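Quick one: the structure is below, questions incoming.
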Amino acid sequence: MQPLLKVENLVKLYAARRSARSKDKLAALDGVSLSIPSGETLALVGESGSGKSTLALCIACLETPTSGSLSFEGLDVATLDENQLRLIRPQIQLVFQDPVSSLNSRWTALDIVSEPFLVQRRFTKPDRAVRALQLLDRVAIPRRLAGRRPDELSGGQKQRLAIARALALEPKLIILDEALSALDCSVQAQISNLLLELQSSLGLTYLFITHDFAMAAHLADQIAVMDRGRIVESGPAEKVLSAPRHEATRSLLAATARFVGSPSVLVTA
Amino acid sequence: MRYLLRRALHAVFLLFGASLLTFLFSALTPGNYFDEMRLNPQISPETVAALHAQYQLDRPLPVRYAHWLNAVAHGELGFSFAYNSPVAPLLWVRARNTLLLTVTATLLAWFIALPLGVWSAARFGRAPDRVLSWTTATLLVVPDLVLALGLLILAVRTGWFPTGGLVSVGFDELSPFHKLRDLASHMTLPVAALVLATLPMLVRHVRASVAEVLDAPYLRAARSHGIPRRKLLYGYALRAAANPLISLFGFSVGALLSGSLLVEVVMSWPGLGPLLLESILARDLYVVIGGVLLSMIFLVAGNLFADVLLYWADPRIRTVASPK
Amino acid sequence: MSQRRKLTKWLVVLVFLHCIVAGAGFFAPYDPVEQDRERPYLPPMRVHLMDAQNHLHLRPFFYSLRLRTGSFDQYEEDTATIVPLKFFEHGVVYHLLGFAPAHLHLFGASGARIYLLGSDAYGRDQLSRILYGGQVSLLAGLLGAGITLFLGALVGMAAGYYGGWRDELLMRVAELFLALPWLYLLFALRAFLPLAVSPLEAFLLVVVVIGMVGWARPARLVRGVVLSVKERDFVRAARGFGASDIYLLRRHILPETASVLLTQAAILVPQFVLAEMTLSFLGLGVPEPMSSWGSLLASLQQYSVLVSYWWMYLPALAIVPFFLGYLGLASALQHRTSLYKIEEQGGWNLS
């Protein structure tokens, strides 16, 4: 059974400022490999600067990797041109960390959620509105807020809106790039429960990027730890949490410890 | 140091580009303007042919540009058909007259604007400041053409100032003191027009920069140390607010040749402005190119000057410019 | 929000002023080209309520002017002839907004000529000429600003969005244009194009030339906005749906540039109106008989006019309320961003 997403040896180099020589290039991704089976959640944990967001952008086909392969449902997407990509894009969607930046503050909630339909030219105008309202229901945003602008919504509502927008095109894979990190603890709990519920009812696959192990523990089936552009440890969640092998993993675990006692307590939280 | 070299190189590049642009503009104009010359009975056909050959008007554009660049490098700016003389001496005389005006006006304007702006910023929001703000706003709203014409009418109706020209007839026979006085009286109106046109903006800038700085905690700390008010304002606040003002000063320097065109024409001051206008109307190609080039040199030099000043005055730029 | 109220206030002022000029036909008593060779250089007529016999009239009136004996350009009031001022008169036909014929004027004197602001060398009414001239000057300024902003937005968006060598090239060219003294550029451009053309052609030429000169600064500002918006996640998200470049530029990026463009418009329009005035004043702009504020001032270049006929200066003052309105509007638009933005534009200085 092939995984939904398979990344092999992905390398992404950025030219350092004012220099095009290859040895001056910054390797944001230095040979990353991972795979996610359909319907599961892979948590990608790492410090800022470890390359997590770059990986997210590459997988979402918003950045072109320098080398390596990226297969989605067995199809190599790194080599596709833009027209072909347009057909694949609905299947892979992103939810960003900062809703202030990811939602156009001049648009209403309804417009934001129906934008994917507009771009992909699906459905008639009235139809789009109907479906958009249904999406709002799905993420528990009251319909009366449909005409509001993002700055009139709370942090949690904004992220729900972003999630609703990501669901519009019925994707198979959703990449959540630190999507909960900017929220209050209680809101985080609500939204992660919403994510779990959506996953089970829609059969979604998540790539959940975070720097917080506690969140990863709550949502993930698999955990991969990233450090300076490389995956340094990966495996089933319980194993990584209870028996971390790499130093980076251990220091990240220590930093996000929110429990007293042995790590095994965390797994059952 | 490398930073300055980069800026200088940048300036040179700008000059080249702008000279190319000017050259292109004039070379690409519709109508071979030598045709007009040929129609002019006062210029013999041989002269036309000789000039035609000299300026190689049949050669392709890049060749002509290179040829012209070469001539410029030797200080040869071409030939004026209207004045029947080489362009360079013509330009220098007029440029000198313009600079006489603009340097005086610029110095005067800055000399007034700095203390006025600082004084106003120190009384920010209070009555004297508001009066000044209103005055500058009112002056700002009156464009320089309107100001210049208005002053001219004033002069004409009161008869207090001469209304045109550099000096009066019979200038050469005057004693040095009277010469100076004559020159000064002729300069008064144009300088007044220029100062009134630039002063409001300058004062507002100074006021804005200083006011922004006066609020800073480190200034309040300095005041609590008992540093006298004047030293505080000029020694501390003005220096901190200097950056945008230095850039502005660079612009002032840059505009020394080009900013007074209108005033010169209106007040009949024999500077670069009226010369350029005449030449443009007469299609006197090389005078126009030479004049524009000269003003551009000033503009670019002014910016470079501002860069150098900033570099010298603001230590932050020195550290940023040379990262270790 | 008091800032919003200020904005509205300035907008109202500007709209009001523009309406007066747009409705020049209604507000002006006469046709601007109508000459009266018998009354050259008439000074402004004074309105009276009390006549020479100290009777109060209910309707304001003028005295007709006659030449003072022994003088050729000094006039005095002829107290025997009373010319009453009538409102909402029917007068010469004009075309409102260029196409709707009408002949209702705000005021008139049943056929007699009254000169509220004096007359020029050909006996033409200065008030009418100023009002109609405003149409030319303002239109030139507005159209020119429109062209400049359009060019600037195009260049700014292309440079900011595509980046790379296109960006470098476009910004270098912009720097070049900024380095050129733009008044000179204006003159040179205008003069190197054919001088003797019909008024309409001259007008279009002026507009195009003005428009082509000032695009560099708006382009830089637009580019700045585009650069920052390009990195926003909602643009990324839209790309994630498969949005094309055009879609992103049109739906997300362009609206963000609106505030910059509007502020630039408020700053550029008066500058361009002034540029047109300057060109016309110097003979490089719109020729007779189409009057513009600049060409109305051209007669002041003659010493005799300067000395004796002060009312010929009045067209120069016509632009001042417009400058005030636009400056106020620009300030109000600027309040959100730094204090320096509008100051950085260098005000109205054309150099």
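Letters A, B and C mark the chains in the order given here, with residues in each chain numbered from 1 onward.
Quick note on the criterion: contacts are C-beta pairs under 8 Å (C-beta built on N, C-alpha and C of every residue); 3 or more make two chains touch, one makes a residue touch a chain.
Just so you know, these numbers come straight off a predicted model, no measurement behind them.
K.L.:
Looking across all chain pairs, point out the one with the most C-beta pairs in contact.
P.N.:
That would be the chain pair B-C.
K.L.:
Using mean Cα positions as chain centres, tell me which chain lies farthest from chain B.
P.N.:
A
K.L.:
If you average the Cα atoms of chain A and of chain C to get two centres, how far apart are those centres in Å?
P.N.:
From the centre of chain A to the centre of chain C is 55 Å.
K.L.:
Please report how many Å separate the Cα centroid of chain B from that of chain C, as a whole number.
P.N.:
Whole-Å distance between the two chain centres: 26.
K.L.:
Using the touch rule from the top of the page, what residues of chain B touch 2 or more other chains?
P.N.:
none
K.L.:
Where in chain A do residues touch at least two different other chains?
P.N.:
If we look for residues of chain A contacting two or more partner chains, we find none.
K.L.:
Within their complex, state which residues of chain A touch chain C.
P.N.:
My answer: residues 57, 60-62, 85-86, 89-90, 92-94, 96, 98, 101-104, 106, 115-116, 119-120, 162, 165, 169.
K.L.:
Would you pull the chain C residues touching chain A in the complex into a rising list?
P.N.:
232-234, 236-243, 247, 252, 255
K.L.:
Can you check the complex and tell me which residues of chain C touch chain B?
P.N.:
Counting only chain C, the residues touching chain B are 172-173, 175-177, 179-181, 183-185, 187-189, 191-195, 270, 274, 277-278, 281-284, 297, 300, 303, 306-307, 310, 313, 316-317, 319-320, 323-324, 327, 339-340, 343, 346-351.
K.L.:
Would you tell me which residues of chain B are touching chain C in their complex?
P.N.:
These residues of chain B touch chain C: 14, 17-18, 21-22, 25-26, 29-31, 137, 140-146, 149-150, 152-153, 156-157, 163, 197-198, 200-201, 204-205, 208, 212, 244, 251, 255, 257-262, 265, 276-277, 280-281, 283, 288, 291-292, 295-296, 299-300, 303.
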